[in-house]
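In the two assemblies presented below, chain A is common to both, partnered first by chain B and then by chain C.
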Partner chain A sequence: MSPLLLLAARSAWNRRLTLGMTLIAVALSVTLLLGVERVRHEARNSFAQSVAGTDLVVGARTSPVQLMLYAVFRLGEATHNIRWQSYRAIAENPAVAWSIPLSLGDSHHGFPVIGTSSAYFEHFRYGDAQALAFSAGKPFAEIFDAVLGAEVAARLGYRPGNRIVLSHGMGDVSLAEHTDKPFTVVGILAPTGTPVDRSVHISLEAMQAIHLDWQGGAPLPGLSIPAEYVRKFDLTPQEITAVLVGLKSRAAVFKVQRDLNTRSAEPLLAVLPGVALDQLWQVVGIAERTLLAVSAMVVAVGLAGLVAVVLAGLGERRRELAILRSVGARPSEIFVLLTAEGLFVTVLGALLGAALLALLTALLGPLAQAHYGLAIRARWISSDELALLGAVVAVGLVASLLPGYRAYRISLADGLTPRL
Partner chain B sequence: MTSETVIEIENLRFRWSRGGEFCLEIPAFEVRAGERIFLYGPSGSGKSTLLGLLGGVLVPELGRIRLLGSELTRLKPSARDRFRADHVGFVFQQFNLIPYLSVVDNVLLSCRFSARRRARAMAAGGSLHDEAARLLAHLDLEEALHRQGVTRLSVGQQQRVAAARALIGRPEIVIADEPTSALDAERQAAFLALLAGECRAAGSTLLFVSHDRRLAVGFDRELSLASISPACGEGRAA
Partner chain C sequence: MNRLPCLFIASVCLWPLSAAAGEPAAHVHGAASLQVAIDGKNLTLNLESPLNNFVGFEHAPRTEKQKAAVRAMAERLNQPASLFIASPAAACTPLSVKLESPVLEPTKPSAGDGHADLDGEFVFRCEHPEALRALEVGLFQAFPRLQRVDAQVAGPRGQSAVRLSPQQRRIAW
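The block that comes next holds the complex of A and B.
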């Protein structure tokens, strides 16, 4: 069989221009298919890695998915906050082991600013229950201290000791800046591959302090409180955005959730992160499946093109097939010859597509991380991706049977003298 | 049948479709080992059909075809293919070569599908390439051409490469179907002489089929298809 395959390869090489074009089409379609799968997988992964060890996420009443989006993934904005008293009540609940208050709304060069407490550095977990670590410096201690996520520091080139100015509101183009109260970078966190990397952390008191002379999203005209005087004010926040809660016993989670959802002084929503994530996947799943289906269609188009090219070439190759018959090739060998050609291009296309994806993730991975917070690492092909590649090759094989069968029929009908 | 009979046809009848006219009816036809036969037939007289039958890609409705003592008509299709690969070399009118293979690889194509001819070529030449080179040199194709792509050869050179492919591994039967019709008169004679000489050297029986009677010089026997197959009148479509 191997001289036959060699013959198939040389024949294919002879028509390398047309087959090369279809090879590129197949390879690109495979890249698209694998790319969609990769992004889907990495998105789920990075979302699932973002929170660990937190039993409940609590915020103002909204949809569980939305609460997760802003409280955990720091995407979008909260429409309502919760009162400080509500937070105290949660923190003092006997079933609660620890709680991390989160206050959102400001930003720095598009990175979200998180007002929180020292509990954040102590209790926050991500990935496989890993704690946050500092790559430089320490947690905030003074009022205008800031701790940066790894990516914020890397992208903006900050080191401990740098002074930064926060912007009011989210987004790159900010109308108002807190220029009168600059922060000092005191710590930089080690990379986590989660939204923490993209966050600027300050204390809740600092969050309160920079907004002392603000009202309704703008500085109060004629009122300016210099940074050195803010200590004279009561810096206890009036509101925060959300709370991450760890319980003493996981068994109590449903009871605490029910209590928070029904018996609080104001309408609260407590969700289990895992359950809310599942809901998120249900929403996202439709889009994911649609994308996968579309890219599968693109692969089908590529393979259809391949079959068309091999079939079209068959007319010119009747002479070649008759010569092979005359030197003793069986019709079944002609069948294998033509089927191998299509399969050969499909396998090569699949490999090339996978290689192209590796190249693209290496080149564009950092960009995706920077713009979408999506950690797409260059890595070996996953078993899911391998299954997709296998499916592409299997479909390619089935499609290639068509020119193979056609050549088989031709060689039976033509015998030694091709009818042209 | 004597052991020297290479081709033996008995009461053969062939037609393309059931209910159609028989286009070949050969009561008896014999070729002995080492013979060089010129078979004359105008175009459309059923020559291609006869070659298809002898090659084992067509099967007669009635009668027997025996090659080298094996009854071709009783073999399974794949065994007929194997038999053709092992024992029969073909040279066709034109476009005999596979365009994407080099001269030597075109010659060696016969050995790719037949272990027997591969073994015989190795025994004769020491290695496959040496044997191919030897045959090509005998057919006046210089060494420099052997590694070339076949598309750069002249038609005459291409036909000689095809002859080398038919001869390598010394098959018992060489069938040539109008191999000179694309050549000018001078080269026709030279090609014929080379082909006949190499067949003699290889001990192969040569069946040369042509519509051009002028070529029938130097053959042991000259036959017309009409004489062995009375059904095939002049001009009847095959």
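The block that comes next holds the complex of A and C.
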């Protein structure tokens, strides 16, 4: 380090309180900027991971985005169900390779319960065509068997063999519980980073069985069908909520979609989940850009504060600069000195901001996953984030030129006037 | 604690999204929809657009000028290699073009509401489909009335949607 920079560092250390506060402001604003970008990116990633393996999502006629959100992400509620016959017709369509029926509506401690078939464990794909894996146990075989997502098991501390009671409807505090027909945990899925982690899976027959003696959303008074007798009833579901469809040829999707939307016996809606997701992002993109713009403004405010602090410091440092000049520092060196100070604070702020973001994602990531099903992984800075950091440093450099130039002018004038 | 996603969903569901349904698509002058399917070596493009985007009217051509406009449109659309430019490395060549519109079949009476569409199916054969990563849509230069194309892509690499405009003519996947 040149003696000049050493002096500059010493001088900055002398003013560590004001510069430190500015540094914190810059660091926090950088954390905000990177955080917005990170959440945006991770949300897209997390959503895209969940739909990667599904060609079509079929449900009752509604908005494509709504259908995809409730069928794939368990966000929001279905407006209507579809008939079992419609599901059979889809499953028997020659273009369809596999189909997974989904029946939603019940919950367990706030986690959604999904009635489905064993095709779920066989065909469901997420991320880069990864199949579901069991971290313990096996798929459901008996009627009152349940398979838990990784998050459900971890949060509620369940292991295979535990007995659980499902609640009717959604919500943490439920009014009606299926206490007469408890389920046995037989399997726990490995973490996927998708809504599967937050789901409790039971068979469609079980879904039908626990509602045998129910009507209008409540148990029928005076009627109780014991768990051991439910096998005697026809447990074929009347209706389901949605179907996930995989096709033999992924490109046939437009044709199958058209067929399902126009030729089905009941009004159905088939959506391409990837397309619906992109349409969702087209809409959300406006809000995202606004958020990014706001956080960019916050960074600008932080850097303006930095410039103000360095500029304000110039007045107090006239003597310091004059002494530097008197011992041989050229005005250009004074310019570099002041610019370097601003740049140094910006770079340090950017680094601190990135570190703070890493800390926050590590701390709050599990919370976001638990509450919103949003997988925010702690990871290295992406190229987009690096570009943002680069922009911050570039703006910081340009902004620091101002105090540098000012000091340069002052030191010229101070060198010429004998008043000091 | 679950208020946020609900609000989010509500706001999203209230937004008038163009339904991805295969129903008769909304007839909006200036807008068209394009479905891009990649299956093995075949690249199939399905274009659905109000006729107005191509010729400026939606009735049977009456004057010589209108008849010439219809002929020019058909001629242009029958040269898909200049309208849809796939990644050069994929070596795609046009295989077939199917155009469907009331003005191309003069014997057929036009639709009752006075609006008419043009549907086109363009099939390309690509020697190296694995190199097929992008498509440049040249419809905007050829037909200046066209302002927006909602494109959907389905292929081995997944699905996507993108809104194209005269400034943004490229689909990449």
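The rule we apply is simple: the second predicted complex is superposed on the first by the 414 of 420 C-alpha atoms of A that agree within 3 Å, B and C clash if a C-alpha of one lies under 4 Å from a C-alpha of the other, contacts with A are read in each partner's own complex, and residues count from 1 in each chain.
Note that in this section a contact is a pair of C-beta atoms (placed from the backbone, for glycine too) under 8 Å apart; a residue touches a chain by one contact, two chains touch by 3 or more.
On a predicted model such as this, the values are computed, not experimentally measured, just so you know.
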| item | value |
| --- | --- |
| Side-by-side fit of chain B and chain C on chain A, or clash | fit |
| Touched partner set for A:A251, first chain B, second chain C, both or neither | second |
| Chain B versus chain C as contact partner of A:S63, first or second or both or neither | second |
| Touching partner for A:A276 - first (chain B), second (chain C), both, neither | second |
| Which of chain B and chain C A:A97 touches, first, second, both or neither | neither |
| Touched chain A residues, chain B compared with chain C | C |
| Chain A as apex of chain B and chain C, Cα-centre angle in degrees (nearest 10) | 110 |
| Chain B versus chain C as contact partner of A:S11, first or second or both or neither | first |
| First, second, both or neither for A:V284, with chain B first and chain C second | second |
| Shortest CA-CA distance in Å separating chain B from chain C in the superposed model | 51 |
| Overlapping contact positions on chain A, where the chain C interface meets the chain B interface | none |
| Complex interface listing, chain C residues touching chain A | 1-2, 4-6, 8-9, 12-13, 15, 17-23, 35, 37-39, 42, 44, 46, 152-156, 158-163 |
| For the chain B and chain A complex, residues of the former touching the latter | 48, 51-52, 55, 57-58, 77-78, 81-82, 84-86, 90, 92, 95-101, 109-110, 112-114, 165 |
| Residues on chain A engaged by chain C in the complex (per definition of touch) | 52, 55, 63-66, 69, 75-76, 249-254, 257-259, 261-262, 269-276, 278-280, 282-284, 371-372 |
| Residue ranges of chain A touching chain B (in the complex, touch as defined) | 3-4, 7, 10-11, 13-14, 319-320, 323-333, 415-417 |
